[in-house]
Amino acid sequence: MSDEIKQLKLWTGNHYNEGIGRDDIFDKLREECGVFGVFNIPNASSLSYYGLHALQHRGEESAGICTVDTADNNNFAYHRGMGLVKEVFDKEKIASLKGDRSIGHVRYSTAGESKLANAQPLIFRYRDGDLAVATNGNIVNAPEIRKELESQGSIFQTSSDTEVIAHLIARSPKDFEAAAKEALQRLVGGFAFLLMTNDKLLVASDPNGLRPLVMGKMGNNGYVFSSESCAFESIGAEYVRDVQPGELLILDENGMREDRYATVERRATCAMEYIYFARPDSDINTINIHSARKRMGKQLAMESFVDADIVTGVPDSSISAAIGYAEQTGIPYELGLIKNKYTGRTFIQPSQELREQGVKMKLSAVRKVVEGKRVVMIDDSIVRGTTSRRIVNMLREAGAIEVHVRITSPPFKNPCYYGIDTPDRKELIASSRTVEEIREMINADSLFFLSNEGFIDSVGGNDGAYNRGMCLACFDNDYPTPVNEESDKSCSC
Amino acid sequence: MSDEIKQLKLWTGNHYNEGIGRDDIFDKLREECGVFGVFNIPNASSLSYYGLHALQHRGEESAGICTVDTADNNNFAYHRGMGLVKEVFDKEKIASLKGDRSIGHVRYSTAGESKLANAQPLIFRYRDGDLAVATNGNIVNAPEIRKELESQGSIFQTSSDTEVIAHLIARSPKDFEAAAKEALQRLVGGFAFLLMTNDKLLVASDPNGLRPLVMGKMGNNGYVFSSESCAFESIGAEYVRDVQPGELLILDENGMREDRYATVERRATCAMEYIYFARPDSDINTINIHSARKRMGKQLAMESFVDADIVTGVPDSSISAAIGYAEQTGIPYELGLIKNKYTGRTFIQPSQELREQGVKMKLSAVRKVVEGKRVVMIDDSIVRGTTSRRIVNMLREAGAIEVHVRITSPPFKNPCYYGIDTPDRKELIASSRTVEEIREMINADSLFFLSNEGFIDSVGGNDGAYNRGMCLACFDNDYPTPVNEESDKSCSC
Amino acid sequence: MSDEIKQLKLWTGNHYNEGIGRDDIFDKLREECGVFGVFNIPNASSLSYYGLHALQHRGEESAGICTVDTADNNNFAYHRGMGLVKEVFDKEKIASLKGDRSIGHVRYSTAGESKLANAQPLIFRYRDGDLAVATNGNIVNAPEIRKELESQGSIFQTSSDTEVIAHLIARSPKDFEAAAKEALQRLVGGFAFLLMTNDKLLVASDPNGLRPLVMGKMGNNGYVFSSESCAFESIGAEYVRDVQPGELLILDENGMREDRYATVERRATCAMEYIYFARPDSDINTINIHSARKRMGKQLAMESFVDADIVTGVPDSSISAAIGYAEQTGIPYELGLIKNKYTGRTFIQPSQELREQGVKMKLSAVRKVVEGKRVVMIDDSIVRGTTSRRIVNMLREAGAIEVHVRITSPPFKNPCYYGIDTPDRKELIASSRTVEEIREMINADSLFFLSNEGFIDSVGGNDGAYNRGMCLACFDNDYPTPVNEESDKSCSC
Amino acid sequence: MSDEIKQLKLWTGNHYNEGIGRDDIFDKLREECGVFGVFNIPNASSLSYYGLHALQHRGEESAGICTVDTADNNNFAYHRGMGLVKEVFDKEKIASLKGDRSIGHVRYSTAGESKLANAQPLIFRYRDGDLAVATNGNIVNAPEIRKELESQGSIFQTSSDTEVIAHLIARSPKDFEAAAKEALQRLVGGFAFLLMTNDKLLVASDPNGLRPLVMGKMGNNGYVFSSESCAFESIGAEYVRDVQPGELLILDENGMREDRYATVERRATCAMEYIYFARPDSDINTINIHSARKRMGKQLAMESFVDADIVTGVPDSSISAAIGYAEQTGIPYELGLIKNKYTGRTFIQPSQELREQGVKMKLSAVRKVVEGKRVVMIDDSIVRGTTSRRIVNMLREAGAIEVHVRITSPPFKNPCYYGIDTPDRKELIASSRTVEEIREMINADSLFFLSNEGFIDSVGGNDGAYNRGMCLACFDNDYPTPVNEESDKSCSC
């Protein structure tokens, strides 16, 4: 609707950028939100502010916090807005969100004011009082549940599928906890849920554990929940464990109870979290992301060594892997590509004319570093190939004599139904092309993808902690839940 | 929640101010919104912008427009925001609201972001598509309908009672038009409704016609609807007639059909619209407001002549009546009180200390005009008396030797249930005090209220067009609908 | 440069609007700033805020306050910005401007950020410390002084002629007070000056007293200075006297000394202040503006009676005169024209197409009031005639059967050199046309201007206080200072 | 004055952050602005936008662009504002700055509106027309020149010392070019100047070449000038050469002439540009910054090897050196510290209470990476030691068993007079303490600084291109110009 919010964001490596131009939208995967919960800790909104700030890379377009104040009749308060956490909240707003419980959310994308209504946490008023919902992921069968609810007279305020869970709960004759459990059982997909009423906080992960969700503790009997563990480090909380697939945690005046609403047939953590989305200082299933990526780089070196002068990573997500590749091969690691991190929402994208003159948006090659060199360029994935081609050409124009592209994941061939915004299958370059065809399209001297087995080994590493239960559907078409062509792919949040 | 929105607004005379300080909130009645609809006219959003701008005095806190584009699959688009019409919309936003049908709304008051959700038009998605609702007034029995709906599993996004009509429609097995008719029949109160789906625009007035709503036409087969006729003049539309009590107009691809959903037992147009709320250039039931007020002033002069040197009106709502009083008595009409119209939302209210030093907020007496004079001060009503006392004292400090207060309405004794925000009965100064007691409290030399009969005659005037069907409940306790102490008084919009 | 600030403002009657469209710019005179000074009163910035707010009608485009804190080493602090006083300042900013002395300014017009530099008070750093200057009016010989200074190596930060006085002072070998006196003696024009250094506050009026400037007192030994006395009423200060032509007041740690820098050969207060610019609750030379305007209306009635049904004034500046005309003739005074006061800077002007459809910007005729009536329309002046023609036609379209235009001033024939922004002589409709020709152009049934003598008598009224020393150059071409075609006409502030 | 602008910024590595908290201000050096010039290229303002964006790390607090349009009478246009380039300018503003010549500026710090006046380019109007000045660096003898000018009657609009050059030029009887040359000869210090009049663009570097300034070309006969060469890559311009010490370039309708205003006795490029300030993709004196820093890391490894498990760099400025250290020693390079790049101006700093609870501002240690490890931590410098101590402790709390700090520069002992904001000598931790004392204070297991000779060799590298002419005064107290205790240290820009 408006041009204001035409930027999408990606997170890359040990830093993450503030936005890329529209034409890049279709060539990078987009993360689908982050959630953060606080239970039984004073100034919950303030902690949420810092927690969500640490999850900012998971969603830069809207932010929201809802609090419950047990010292004041379990009152609800909330604030949501478009923009970064630091833009949506100021001291006054945080102070006005009183309470010792909260749930918060960052969201990756939207389009204009009319979508502020979709910013989470969603807030509902129903029979038993207030209900707030924050989620990360996607409910595959939301459209059919929604249709069913509408036929029964439900009305929806948002286009967000997340709203269906609130209606399922409100329509149930059972009490909130039982109703929520029943509602969760109806949902198919990959999701992490935080549900808060005046009395209770519920925390749930989907039956395959597709989307990450971790639990921490803080102070006396205080709990925190987060999409990624990096938020715990930033607020001084202690990591306890990952929320398990099919698990349902109930927190109220009696403390926390651990329950489950589904049996787990297959654990299937999203592989792209390890490859691309999560911050390098987060751990998922106790595996550190930076370390996993470095192992991917090493594995890639073992699988596809090439004689070259320097190794460089596409900032920011491929930095760790590039370091690993360099370490394994002994080829020096260099900053051959550099990113301007000031580029953000209000940045004026260069016109076509300026681009042709050579004005670059945010990534540029470092001439003195790459000139006359044979370059190994590490990247995390190739979606449509247009960005890869642009970067390869950028390196060549800066004087690289050879550009060897190494990808730290297997070819991305199939769309995601669990909360990652992917183009249609036919637009995925790897869905219908050989590696050699892709290499030619991106103008590389050579191109290798990490093997499925190599990737799995890299994530698991040597620490034996990992049970290999990942969702690799985007690579191998083996979806952990039923899906069909009509299934909803767009993110529920 | 925030201090930003601490101003309330009143409309007065041939101009209207932008806001008064918080302490005045409790001593002035507040209008409860304005609605504006467009059917079958290109660039409906642009017309709505100018129409709502003309209704701005009815609500200064939020504004919204929703459009349907019959040239593009009857698509919905909408934008709402906090602030004046000119603040909420810019050219780009108006241009993005494409379509030839629209409903718009201005709202008088809210408190913080969390209430942006209450800004109208409310937007719902239900079985049959999109539904937008804009209303002015109050549904007396909304709380009980809401409770009933919640017990059946409905969830509410807003605290606005307006939402009940959407739920009633969505839950009905009938088609939209029949469902809406049935829903309207369940509502008790005073209201003007604009309901728009992808296919239809419905326009309805409550069974007593409490809140004003007029119909106009423009261009070929185009219709416009407005809370007040002044908006027609400002957009160049032609007034057709007032929407009648209990009437339901249906506008769709077949044009307009006139129907009714209720029989009218008593017409009861809100008396305060004539006295205080409406713009002087509006007509209600074909009676011009300025002219009616001038007649009130003349009638007041006949009922309560006093020998004095000048007549002055409290700006802006009492200007017309003061002119009438002066004309009738021959006492010169003077600008003895003047208002600073720049005072608005962001204006810093003077601290108590500054007030004691004499810093005035927005109204001041003109010393040279009132010094040494016996002053007749015309005002429209006395709610709690604090403002009246302040103005009388202001005139005395500026040198007035006598201040005779004349009120252009009967004593305001009873709360309103139909969309005007009034304090509790016990805080209404006239509910428990004699005129002499009030006179003493406001420090006037004399005080007269217009008689009920005198008021009724003034509104009717000499043109015989008026059938005297007004709601005078605030004066005579005769409510046109059932109400009880638990009835909802707050505005539904 | 930018479209944002394309609105100009006029003040009219007992209310004043927030802006008119660009096409009106050339048909209304624009006021040229207001100044406000505080000496020896705690929280001077806060008082200035309220004082400038009362002078807002004299300049709506920028505002600024500079303070000196005698309790903290006579430190300077200042803040300036584009917009209304309430927009430029918030509580935090006012609180940060500490001190017991201040000068402030409101400015009528500018064009884009690059002109923020021109917002006053202008601040300079020179040999003896800080110097702040606020002015209202125009220095006729500024261009030649500027040229002389530049040839000596002076550089200018602004395009404002006000800057010349600072350079003259800085280059003088004498002390500040003597230097300022000498500098003032070099200036030709109409101006009110407030000059503040770390040690002193100087207040000066031009040798003919063209621009208004009044002195008040407040508290113990506190003084206030203002372009208009209405600001005193709004802050609770007591009017003392008008600053006299050629007078120079020096306020410092020893209190106030009265001096003069020029002998007065002719007092020549600007006539348009009485007619159009000043607020009706201000007094100039002890004459109340509302009362003077009412006398103009009465005098006009005596000079040009016409048989009619109603009298109406063009809001806001002609309201007082219309009341006077009605009182004198016995023809009823009515609100035949009404103005939408919400129209302001961010308001979207209707497109040409919408205007042709009938969308009105801000003024509209009240059909029920004027329909079938013979209307006397009172206005303050005719500059180019386009606005008058538009209003006359608006009345006719609303049903007026006759429109008789009566102007409360003589024909405006000559440009102003003293701080009022007037078009070139050839664009002034009265400079080359007979009254009959003008009548025809504006489509009126009859047209009369107030006579020069009638105007002078009206201002003087019956109170004998007025010595008739006005500048009527715009009517009679008799300029109180030397001017020539090259003289600077644009406002110095 | 206001809290809004309490953040300062530092640039680090291949990314750079948006700001750190106030308490860090005193422990990090701050860069002092960047300049960017365009000559004879259409849409100069647009190129300046992208060029300044690439220099954003040199100044995040204000930005400004001034253009000359040779196609329209050599008209000046300019816009300046507080904030990042992307915040200060939008499409409309860039479009309104018409012309084919421009100078632009980014500035690192200021405090409130009153300092907007100090935002560059400074604009003056003098005898010969308009003059715009943008500078990076500091004029050591500005205070005495200013005093002399003031005694002659000059007045200053800003507190910026840059203004003296405009006064010197304006007071000279010679023509602009000769006057500018003479003025430059009077200045002592380190500076890069862009001076633009309606007719000419002048480019000058100080006689020792302390501050970087490079020349590039673009299109036909177009020239660009920039503080750093990275801006050329981002706009597609071609690097030509560094502007030489004492050089003066004159660009006008006849093209570019190369002149000099001073003989060079000693080239003395600021060492801290290589170590800390410049972007890794910039070249200074043809030496690439990333490569130089990597050599510093290698040299440091040779001088101070320590047996450890991992090497980590403090992001962002020490990443390159850490890579070099790892490469030289074979110890793995890891992301042991990670920075949140979203932290910026509007970010709410955690309260003391929250910090004690463990809430971190923007840097955090990656537990899984450092736990149980002996860590080599590479940083660029130690100013007061407080930040170093905090980071060392952060690593220890995350489980590091040893922390060995290695600094890529010699001890910082002496303040800078050439445009870098340094604390007083007594607050520089190395000015009065031994390395062992510092080690103890920062709680490190070992601490080494790079030797002077090692540093010089590292910058020169193996390419023989470098003549070793650096200013190392902060390390060795050998200032290239006269300075004394009274000399102005604050940045002129």
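Things to note:
Letters A, B, C and D mark the chains in the order given here, with residues in each chain numbered from 1 onward.
Assume a contact is a pair of C-beta atoms (placed from the backbone, for glycine too) under 8 Å apart; a residue touches a chain by one contact, two chains touch by 3 or more.
In this text the structure is predicted, and so the values were computed from the model without any measurement.
Steps from chain A to chain D, taking the shortest chain of touch contacts, total 1.
Of all the chains, the one whose CA centre sits at the greatest distance from that of chain D is B.
We define each chain's centre as the mean of its Cα atoms; on that basis chain A and chain B are separated by 48 Å. In terms of their C-alpha centroids, the spacing between chain A and chain C amounts to 60 Å.
If each chain is reduced to the centroid of its CA atoms, chain B and chain C end up 35 Å from each other.
Chain contacts: chain C has no residue touching two or more partner chains. Chain contacts here close into one cycle, and each chain has exactly two touching partners.
By the contact rule set out at the top, the touching chain pairs are A-B, A-D, B-C, C-D. Across the interface of their complex, chain A is touched by residues 14-18, 43, 46-47, 49-50, 53-54, 56, 84-87, 89-91, 94, 218-219, 230, 233-237, 279-281, 283, 288, 290-291, 294, 315-316, 319-320, 323, 327, 332-335, 338-344, 346-348, 350-351, 354, 357-360, 364-369, 398 of chain D.
Against chain D, in their complex, chain C makes its touches with residues 1-3, 77-81, 92-93, 96, 112-114, 116-117, 123-127, 131, 150-159, 166-167, 170-172.
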